[in-house]
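Each of the next two complexes has chain A plus one other chain: chain B in the first, chain C in the second.
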Partner chain A sequence: MRPVFVIAGDLLREAAARRWFLGLFAGITLVVLVFGFALRMDVVDGALAATRLFGRPMHTDIRTAESVMSSVFLALAYLVFYGGLAFGVVACADFAPELLAPGRIEHLLSLPVRRWQLLLGTYLGVLGLAVVGSLYGSGAFTLLLSVKSGVWTARPIVAGLLAAATFGAVYAAMLAAAVFVRSAALSAAVGAVIVIFGIIAGEREDLAPLFEEGVSRAAFLAATAPAPRISQLASHAADFAASRPVALAVMLKALVGLGMFAGGCVVVGMWKFERKDF
Partner chain B sequence: MNNAIWLGAALALFGAGAFVMTWNDPAAAERERVARLEFPTHPRPTDEARLDARRTLTPAPLATASVAAAPARPHDPLLVALAAPADVAMIVEAGTILRTPLGERMLGCMTAQEREHLEGKMNEQGVRWLDVVDRVAVSLAAGSDDTVFIVAGKLGGVDWSKVFVGATVERHPTGAALFTSGASGTSREQHAAVWNDSLVLVSRTAEALDVRLNRLRDGGAGVPLAFAETEEYGEIYGVVGKRALAGLAPDDLRDRIEADAAQAVIHVDARDDVLLVADVEGDSANEIDDLGKSLGAALAVARVKAKSDGHDHVVRLLDASRVRTLEGALRAEVAIPTALVEEHFTRCGDRTE
Partner chain C sequence: MPVIEAAALRKCYGRDLALHGLDLAVERGAAFGLIGLNGAGKTTFIKLLLSVVRPTSGTVRVLGGSPEEPAVRARIGYLPERLHLPDALKPAQFLSSVARLKGLDAEPSSLSRALERVGLIGDAHRRIGGFSKGMRQRLGLAAALLGSPDLLVLDEPTDGVDPLGRAAIRAILTEERARGATLFLNSHLLSETERVCDRIGILAGGKLLREGTLAELCGEANAWIARFAEPVPEDALLRIGWTRGLSPGTFRCHAADADALSVLLDRARAGGARLVELRPDARTLEEVLSDVVGDA
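Up next is the complex of A and B:
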C-alpha cells in the first residue's frame, strides 16, 4: 500500500506547487474574515444581548449565547457541508483528467506502480485535500464564532469532517467518470448529478409516496437504494454541530453506505483503468 | 484480475451499501406494514352475521304489489329510521368501539371529574348507557331542521321519565312514546321518540320523527334506504353527500368535489389500526379519474409540507393514506396507525391526572 500513499502525497505536493492550496486557503480565509468583521456579538454574563451582521441588528430579545449559537452552528454546518461539496466538485474536477493527460500518464505508468495503486493514490490524495480544506474552513469559522460568543465547541469541526467524507463518495464517482472519458467538465457534471441524486436519496422515504404505487415507485426506490444519503448526512452533521440529538445508528448506516458507494465507484474506475490502452 | 472479479467486487459493494442503508429502516418497515393493511372494502363474516341478526323489521306488503310477489326481506330498523334523503347518514357501532383498544383508550382519557359526572348522570337516570347502547346514528339534511340522532340498543329497562326529565309524554299512532320538551319554536325545543324499546330518535322537529316512525310502522316498504344494507359493515359506516363532502375537502378541491362527486360511502374498521375507506362515486368516470389524481397529488403535497413544517404526526397519517381510481369511482384509504392513536391518548394522560 506504500505506493498508494506516495502517490497521494505527490498529489498534495502538486496541489501546493500549483498554488491550488494557496487559492483554497485564500478563499476560505477571505470568507471567514468578511464574516468575522461583519459579525458583532455582545455577550453579557453568558447571554447574547445584541448581534449585528453587516451593521444590521439581528435580535431584539436577550437569549442565552448557547441557544443562539446552536442555530448559528446549525447554519454553519449546512454552509460548510453543501458549500464544501459544491466547491469540491468544481475545484477537484480536473485532477483525474490531468493525471490521465497524454505525456503524463505514460510517465506514471513507466514507474514501478500498479495501475490500481495509481488511481487509489489519486483518490486518497483528493480526499486528503478535502479533509484539510474542511478542517481549515470549519475550524476557522468555529474559532471565530467561539471567540465572539464565548461558546466553545468542536462539534462544527466534526460536522466539517462528515462533509469531507461525503465529498469522498462524490469524488469517487467523478474519478470513475474521468477514467471513462477524460474530461473535467464531464467529471464535474457527474459530481453535480451525484450530489443532487444523493439529496434525493436522503429523502427517498418522503419522496416515494409521490410516485404511483407499483412499478414506478419500486423503480425509484431501487434506483436510490445504493446512492449516498447526502441530505440525510447533511442533516446529521448540522444536528451534531448544533448539539441536537442525532440518530447515531441511522447516521452510521448512512456512513457505511457512503463508504460502500465510494468503494464501488473506485473499483469501477480501477476496472476501466486496468483495461485502458494509453 | 479479470473483468468479472472487478465488476463483481463493484456490484457487491453497491449491493452491500444499499442493503446496509435500507436494512431495518423504520420508515420502510412502516411503509410495508401499511401496504399490508386490510382496509374495510367488503363485509367480514362477522359483519354478515351481525346484519342477519339485525334484520328484524318485515316490510308491510305494498298496496300495488301483485298477489304472487315474493315476501320482502326484513330490514334493519335503524337503517329504515335513517332513510333517505340525507346529506349525511352515518352509523357508529358505539358498543363495539368502546370495547376495542381505541375505545378503552378513549374512556381512559376522561378526567376524574368527567368520569364522576358521567357516573352521576347514569346513577340519576338509572341506566348504564355504556352497557345498553349498541349503535349511535345521525341523519343530517343540510339547510333543514330534519336532523335526527338515533340511539339503538337494548333499551327495555330504561325509565324514560328520568332521562327526559320535565318532558310531556304522548303516544304516537304507531305506539311509540313521544317526549317533548322546550318551548315550541325556540332553540330549546326537543322531541324524542322511543320505538319498540330498541330505538330512541331525537330531533328538533316533531315532523322529522313522525316521518321516521311511519316508515318503521311500514317496515321500510316503498322508501329508499339511506344506503344499501350490504354497506353495513365495519365499526363506522354510512354515506356523505356531495355538499358535506365538499365542506370537508381542502379549499382548492372544494368546487371540483361539488361538481364531480355524487356521494361518498364511508367504512371505518376500528378494531386495531383505525382504517378508513371512502368510496366516492360520481356521474362521469373521466371527471372522477381526474379528481382521484388531484386528490392523490394533494395528499403527496400535503405530506411534503407537513414534513417541512415538522408535523410528524400528520406525516405518519399521510404515509398511510392513498387514493385509487376504480373504473369511474375513486377510493380514498386512510390508516391511523395504532402507535399514533396510542401516542395521542398517552398525551392525554397529563389531563387525567
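Up next is the complex of A and C:
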C-alpha cells in the first residue's frame, strides 16, 4: 500500500503549489482574520446582548447565544457543503487528466507501481485535499464564532467532513470519467452533473409525484436511484451543525449509498485503467 | 540470458498494426539502439517493454520476467520521449517522489548527487515549470538513473539537449555501461546511436528488418579510403593493391588489421604518394537506414 500513500502525498504536495488551493486557503484565512477583527459579540448570561460588525450595531432581538449560533452554523454548514462541492469540482477537475498526460503516465507506469495503486493514490490524494480544505474552512470559522459567542461546538467541523465525504463520491465519478476520456472539461462537467443529479436525487420522494404515475415516474425513480443523495446529506450536515435533530438512520442510509456510489465509480475507473493502453 | 526477449510480438491499435511479429534479443551489458522512421513502431516496442501497453499477441520478457511485475520494473530506468513533469514541484521533490515509488531511500544527499550528475544542482531551487526542454530531459535522465537500474530504456535521451549536454549524457551512459547496465536506446539522432550503441536494429512498418553490430550494418570493417596529395602516383598505387575510390583523388584498399594497413601505406609512400586523409570505408547509418527502409 506504500505507493498509494506516496502518490496521494505527491498529489497533496502538488496541490499546495497550485494557485487554486493557495487562493482558497488565503481567502479563508483573510475572511477569518477580517471577521476576527470586525465582529464583536457581547454575550451576557448566555444571551446575545449586542452584535457589532465593522463597528456598526446589528439590530437583533435579545436571544440566547446558542439559538443565534444555531442559525449561523446552519448557514455555515450549507456554505461549506455546496461551496466546497462547487470549488472542488472546478479546482480538482484536472488532477486526473494531468496524471494521465502523455509523457507522465508512461513514466509512472514504468515505475514499480500497480495501476490500481496509481488510481487509488490519486483518489485518496484528492479526498485528503477535500478533508484538509473542509477542516480548515469549517474549523477556522467555527473557532472564530465559538470564541466570539462563547458557544463551543465541534458540530460544524463534523458537518464539513460530511461535505468532504460527499465530494469524495462526486470526485470518484470525475476520476472514472477522466480515465475513459482524458479531459479536464469533461471531468468537471461530470462532477457538475453528479452534483445537480444528486440534489434532485435527494428530493426524489418529493419530486416523484410531479411525474405522471406509470412509466415516467418509474423512469425518474430508476434514473435517480443510483445517484448520491446530495441535498439530503447537505440538510443532514446543516441540521447536525445547527444542533437540530437528525434522523440518524436516514443519514446513515444516505452515507452507505454515497459510499457505494463512490466505490462503484472507483472500481469502474480501475477496470478501465487496467485495460487501457497509453 | 538476454535482458530483453521479444518473440513474435504483435501490437494492434484498433485496425492499425504497430508491430508485426517482432523477434529480438538483447544481451546483458549491451548497448542496443533501435532506429527507424516515424511510425515505425519504436515507441510502441519500448512501451511494451514497460507494460505501458499490452501485446496483442506474442511474448516479451525483460530481465527474465514479465514487465507486468513491479519487481521487474523496479530494475528498469526509463526516460520517455516527451517527459511531462509536474511544473509545481522542484527537481529534488520530483526525484524524491520517483525514488519513493521505486522503493528507494529519498535522502537529500543522494538526490543532490543525482542532480549534480546531470548538471542540474545549480537549478535545484527552481520549480520545474521554469525549466527548458533540455533541463527537463536531464532531470528525466536523473530519475531514470535512480537506484542504479540493470536496464536503461531511453527514448530520445538527447532530444532538446545542447551539444555540451549531449556529450555529458554520453559520458553518463558510458559510465552506466561500465557499471554493467544494459542500454536500450531509441533515437532519431543516428550519430548519437552510432556513438553510444554497439548493436543496432532497424525497424520499419512494425518489423525488425536488420539487426547487428555497427560494422555488420555499415559495411566492411577492413576497407579503407585514402586521399593523397597532388600529384598522385596513380599507376604505382594501382600496382600495389589500391583501387580508385568513388570521389576524385581517393583510393581504396583492404587491410585485415593495422599491420597490413601500415604495410600498404608504407608501400604507397615509397611509390611517391603523400597521405592527406585516411578513413574507414563504411556507409553511414543514415545511408543504411535509407537503403533498408527503401528496400522494404
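Brief remarks on what is shown
Basically, the second predicted complex is superposed on the first by the 256 of 278 C-alpha atoms of A that agree within 3 Å, B and C clash if a C-alpha of one lies under 4 Å from a C-alpha of the other, contacts with A are read in each partner's own complex, and residues count from 1 in each chain.
Going forward, a residue touches a chain if its C-beta (ideal position, glycine included) is under 8 Å from a C-beta of that chain, and two chains touch if they have at least 3 such contacts.
Not measured: the values here are computed from a predicted model.
With chain A as the common reference, the superposed partners chain B and chain C fit together side by side. Working from the superposition on chain A, the chain A vertex angle toward chain B and chain C, CA centres, sits at 140° in steps of 10.
Once the two complexes are laid over each other on the shared chain, residue contacts for A:10 go to chain C alone; chain B is not touched. Of the two partner chains, chain B is the only one touched by A:213; chain C is not. Judged by the touch definition given at the top, the superposed model places A:106 against chain C, while chain B stays out of reach.
Applying the stated contact rule after C-alpha superposition, one finds that A:263 touches chain B and leaves chain C untouched.
Of all C-alpha pairs linking chain B and chain C after the chain A fit, the shortest spans 13 Å. The part of chain B that touches chain A in the complex is made up of residues 1, 3, 6-7, 9-11, 13-18, 20-23, 25, 27-28, 31, 35, 296, 299-300, 303-304, 307, 315, 318-319, 322. Those residues of chain C lying in contact with chain A across their complex are 13, 47, 50-54, 70-71, 73-74, 76, 78, 80-86, 88-89, 93, 97-98, 100-103, 127, 140, 143, 153. Taken together, the chain A residues at the contact with chain C in this complex read 2-3, 6-7, 10, 13-14, 17-18, 98, 101-114, 277-278. For chain A in complex with chain B, the touching residues are 205-206, 208-210, 212-213, 225-226, 229, 253-254, 256-261, 263-265, 267-268, 270-271, 274-275.
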